[in-house]
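Order of writing sets the chain letters: A, B, C and D. Residues in each chain are counted from 1.
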């Protein structure tokens, strides 16, 4: 399991959420409180939208807590929409290519959870990727695969919620066909540069935690609350998708 | 293009070939003489057989010339059969998973060259991998793919030369089917812990350079001669496979 | 020897100088044309001023040419004053702490050159550092030491040109006292967030190259011209300091 | 605080202590049980004596738990005398130069603990280093400094126990002169290729834990027991030095 956060709102310094809160994501990399794995030290990444259509993305295999570059970057980059992720590797080796956020065109994605029995279904899932998205596969994680499958369907014209639903559905089908009983767990966030979507779902009844908080005329989403203002964070209900845009957020049933 | 060396013979310190010669592989990482890319600084690796059936393998994304761990390792590890490789990335990002030698069971492999139009044929080639070898795919390079395809056929009972021949043949077929005119180039070495094979071949008439030299009751193979004794190194003829065992070497037509 | 560039002017994306020119600094990391060492692959760094008094600084031990983070950063960060540096290690191991730019409070510094006989004079030079600057020593390079000595004198009230002059003078004195005949060579740039200074000097008559070019209502300084517009770059004369501010540049005799 | 282990006895694979035990040092890097810092993920190192007078040393800034090179190295290197160390950084940045074991000539050293108020006494301690040892200072840690001071005295003819005693004494004197009340804590091991010494001491009454266990005709020393055989490990008494040689171990009062 991993820890992540997402922000959409007035431009703020990344450090306001990534580094400064008492229980910031950097702190969670060393000592998470609600995660199955306490330490999330197998690399990390941040991605942010600035002047361009596609995000700037920084990946590193070192633990977030010991990377001075991350502190410098977060102290000097201001963004209206950014993601950050600290990794506890479950499948796939330690490499930058396996660090979140993944990105493709204007899209960016972070994930906490995993595909049960991934080695057995990986091949079948990769077979579902259209050629252009297959060529864009850079690492070996289940998370990147879920992302590319989703983007492929969005690129094909599907609404975001339908794309995610159908990818989760197809994945579970493949898992069942292989007789896998381990669950598919999926807390995730997706952005396109203007809006963001957060997802909380699992094929069993234990989706990873995910919280939402109003923040500076916008919202922050995080695997666990970031600090002293614990009561300001509301759990996102299981099986929900939250759609975040400037000035509004809407919840939808994911299944 | 990359640079590599292979050794089979009486146990010697790795540094005797990797670090100490005037034009050692470490030196070639900074300044190769016969390579298309002068600098081979996109990671490196060494692999050696010791007491176990499978080799010990060390991969690093830093350039070989600046890695003190490599010097320490090579000054202290003695082996009868080892490979070393410095990389100039052509396809696939910089990661340890993309560094040679690749290994699987008792087999170890290094490669210099590339599959023309790799992004277009990658998918088709990966489809040829049996499931167990597909699951063992760790990076994204063409070299690892050629290795796993070869090992899959060896594991299936094919002699080494036939396995390599058929993999090269199938790859060229796929390239042609995709209308790729860029060549497949293949200088490589394979080992199983007891014996080693060196290959020099290309689909056009320009196979990467490869040299052979008697060394300490055994042989060294290298992309370019390692130093002052240039005349002791003989070019391996194009389209040949050299089979190296204790006390003997034999050349075979590869095609 | 290393390669560096400095920019002061209207805010531009870092990539406009660091990555995009035909002979950009990233390109020079792999293949410099006027340097004693062709490859500058022993780490690199960029530093830029944004909203804060002190600069954001990014250091990495990988070669600049293979770091995707650098591309992403430079494509998304815009600054009115920034430095970039690719390193060919002469003294001091490969570590982020030994990568330029060095920074202290509002000051940032990059250097190409070296102190002849550094191991013999290092101790004597370090003894000249006041305690607070000694405590801020993070790596082991001669460059960081020249920077901290300079900043200590500026902090003590000395004008920049006098601080640099006296540090160079004291260093040469120490070298002579130790009987060192190798030269002190010094192409460097210093910034304080508002203005920048470029220096070209050597204790023999062979100072490292340094060029100046008007750029976007400001100036770029570089170890060698960045591209097609070679004629737009003027060599900075030996033994000179160039003082760069918004709208003006002035040259001073450094000795 | 960090975690370490030392072994002297019949040659064994490093993995027998570093990787394989239930509570191995690799496991302790992620989840130590008796340490002030649970996670020791700020780099690590192993050092071993083989055919040469000086040890082979491998340093890495990644956490030990995620480094496949470490597993490969430990599975293939056999030694009669080796050290391993996982770091939780207290002073000094994350760099290979700051990773243990430190080495100089035939000597190798690992340390758990710290010099209270190190930034204030660092300069005074460095002033005690003779020139040749000062020139060998590669990083910025208190541990390396304690090592070089000790080796300088051993090189000057002092017995090991007197060298360590006098270094600890001088350090405490300097701390007092600076009015530092934080303690000097020192669990450490030193080797010269034939014999090893383990130390447990603190200037207050809280020396870091250190355990001793007979192992394969020799001994293992560790910050905490390595696994199921907890009862086989005896705490080393505070203020003691254990001298380990082939076939014998002797305890001495350290103060």
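Just so it is clear, a contact is a pair of C-beta atoms (placed from the backbone, for glycine too) under 8 Å apart; a residue touches a chain by one contact, two chains touch by 3 or more.
As the structure is a computational prediction, the values presented were derived from the model and not from experiment.
Residue numbering shows that chain B and chain D use the same positions for more than half of their mutual interface. With C-D and A-C as the two chain pairs, more C-beta contacts join A-C.
Per-chain CA centroids place chain A at a distance of 39 Å from chain C. Distance between chain centres (mean CA atoms), chain C to chain D: 38 Å. Touching two or more other chains at once are residues 68, 93-94, 96 of chain B. Considering their complex, residues 48, 50-52, 55-60, 68-69, 72-73, 75-78, 96 of chain D touch chain B.
Chain C makes touch with chain B in their complex at residues 30-31, 38-39, 41-42, 61-63, 65-66, 68, 89, 93-94. For chain A in complex with chain B, the touching residues are 93-97, 119, 122-123, 131, 134-135, 137-140.
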